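So the structure is just underneath, and the comments pick up after that.
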């Protein structure tokens, strides 16, 4: 696995890393494991959650590589590792509404530095943010998020980097693939060609790919 | 054809109508023809072009139903009808960069009232628009576009309204389908089910559908 | 006499029109899918990227690629579709979901809702709640009990807890009543059989209005 | 001695690295696709929703669902993909296209470009030009002739025509020279064989810098 991360200039201390998946579905666990083995420090993780159990993101956090998490739901049935570090003030957290998180990432990939959304207006998650009225409704200005690295889990991929996903394992993966300087992908199966109408992530967004099989 | 437009409250004088297609590719010509037969007035058309030849949008314009066009490229090899009315000051034109047009429509469908883009900064098409600096670059604030009606051309559709498109006949169609109060679709073929991974436009965006066959 | 959560879910389901696109929050709102009237089709949206969500997967037959917003293994019905997170929340934010049904700690007379955070040491987690209440055409709140365990009203003049959204709740279904949030404040349209207006008011932290003839709510327990 | 448009296209193609994502503007830039060096793969993007654009369709075999930005019937190569307009311009605006190659009326010393509008009675049409010049990582301009039909310079101190974008051109390929736009202004890196620096300067409306040893450009006409 390690070779997919070799000589990648965007993998460095302090990097922002996007991690696809929702709960345990569609998470590039093998890439996360490979990232952990690099023993980087002060990473900012952008992800829907903060990891559960003793694997994947939770282990990466436990290893001390993560300085900050930007996510929507940093609690799960078993998010002990994150919660303990959080309670101890040893990890920074930015909680973002799930749709705003998805759109901030999409904006990052689409060259849109900021946009307005009604989500979170009047709530603590809009504190300190610019508020503006359009058509008599209040909106919050949100900034885009870009990353140095995106870790993506896909179903199939071809040599051009075209990807498909399987059912709700799609989730954040195609959005994050667009918003990182370097997008690393684990695919369950390398195929000769993903037919052009079936491509969900066009190869332009993919930098490196590795086949991991159906481990889920 | 006319029945698809019967009793549709959003089809009224002064309505904003989005029309998918790029050149002659993926245009819902039969729906445009049906719209023309309603003899509405003062419509605002949102489309990539302003029609060519003596069919489709050009005929709708000739019929006198259109008061304004919002588009990126109101000239074609044969855009006489529009150009004559434009020269005579009988039709209003808002020229929008193609990507800004696509994104303003996408924003309309996604509940985003405004966003920032570097496109058109420093050009006449940013005149009068708010300029703002993010990360040392200048951006133009652009407002979303919503419509009363979208006229969409698709390849297949099922009874839930799920749609697929064929190659570059996709273009503006899926984006416009999201941004109108009522989305009317002509499909080449009604099918029992569009498989869930193949759906490009989920049925939630589609209000009425009619099968038109392969007329192109 | 109070409605059970299943009773409440049944009343909610009976108020949803055929063909509606509905997002059911985690927990009690999920019960609504068990009471869809036979002649109607609801298309369930789950914000992690699916329309046409079907029942939970049978034990032993879970496909962990097909999960709902609660990370439970579910299924997809005919006519369903998959999409990514940005597209899913474009549906929500863009006003395409007809009804978002959620639980709440508090709902205020003006439609404010607090359902995401009880201040404390645990990290604040919001998920999609703020997007749903701001974006759906209708926001309905289900309260398994009209008052909290300590007897405090959940329908209040103004929320004490951190808000999820402002002025966005359209209707409340509790074990005692159905209350519309109107421009003039909460309007009771249905009440548990045998309950008096003053009793309901006593359990409510905001001044209630009542329609002239409230519908009478009854437990369905004998039919279950 | 001047380069033909085909010669210019050949020089442009030879400067594009293997695996680049390239958007070719309508007209002269399309010629570049005829001169892709055999050992390299360029992935052509057309803003109406395709990556992996292939050659024009043979006459009589056009599929009018597969068109390029010039509305010509084309083909798709293996490894290509289709997507909608918002996704296509997200690619452009988001800086994912390596090189946008366009024609121009004028390019200024600071990289400003005017290529969309000559003021007049016809309706102003812009297409995707403003998105491409603002969004692509590199913007290269092809000029079939270094000066206009009236002998006016196209490379100028500042554009007189309405701008398409500001400070966005990285390189100019004309029939006489290849010029990088640098922070210090235009820098000539290659010149037509036999052309003198002062002759090129005389046909240029901005002050030129020259690399110490300019590459010599030659016509390929004998090899075509």
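First chain written, first letter: the chains are A, B, C and D, and each begins at residue 1.
Quick note on the criterion: contacts are C-beta pairs under 8 Å (C-beta built on N, C-alpha and C of every residue); 3 or more make two chains touch, one makes a residue touch a chain.
On a predicted model such as this, the values are computed, not experimentally measured, just so you know.
> Consider the two chain pairs B-C and B-D; indicate the one with the greater count of contacting C-beta pairs.
If we tally the C-beta pairs in contact for B-D and B-C, the bigger total goes to B-D.
> Chain B to chain D: how many Å between their CA centres?
So the centroids are 29 Å from each other.
> Chain C to chain D: how many Å between their CA centres?
56
> For chain B and chain C, what's the span in angstrom between their mean Cα positions?
Computed from C-alpha means, the inter-chain centre distance equals 35 Å.
> Report the inter-centroid distance (CA atoms only) between chain A and chain B in whole Å.
33
> So which stretches of chain A touch two or more other chains?
103, 106, 110-112, 117-118, 166-167, 196-197
> Please output the residue numbers of chain D that touch at least 2 other chains, ranges allowed.
50, 76, 82-83, 89-90, 92-93, 135
> What's the complete list of touching chain pairs for this entry?
Touch list across chains, by label: A-B, A-C, A-D, B-C, B-D.
> Once bound in the complex, which stretches of chain C touch chain B?
21, 43, 45, 50-52, 76, 78-83, 89-97, 135
> Chain A touches which residues of chain C in the complex?
46-50, 63-67, 71, 76, 82-86, 88-90, 92-93, 112, 117, 121-131, 134-135, 162-166
> Taking the touch rule as given, give the residues of chain B at its contact with chain D in the complex, in rising order.
Per the stated touch rule, the residues are 22-26, 48, 50, 72-76, 82-83, 86-87, 93, 95-100, 102-103, 105-106, 117-125, 165-175, 200, 216.
> Would you pull the chain B residues touching chain A in the complex into a rising list?
Going by the criterion above, the answer is residues 103, 107, 110-118, 132, 134-135, 137, 139, 143, 164, 166-167, 196-198.
> Which part of chain B faces chain C closely enough to touch in the complex?
The contact residues of chain B facing chain C are 106, 108-112, 158-160, 162, 178-179, 193-194, 196-197, 199, 202-205.
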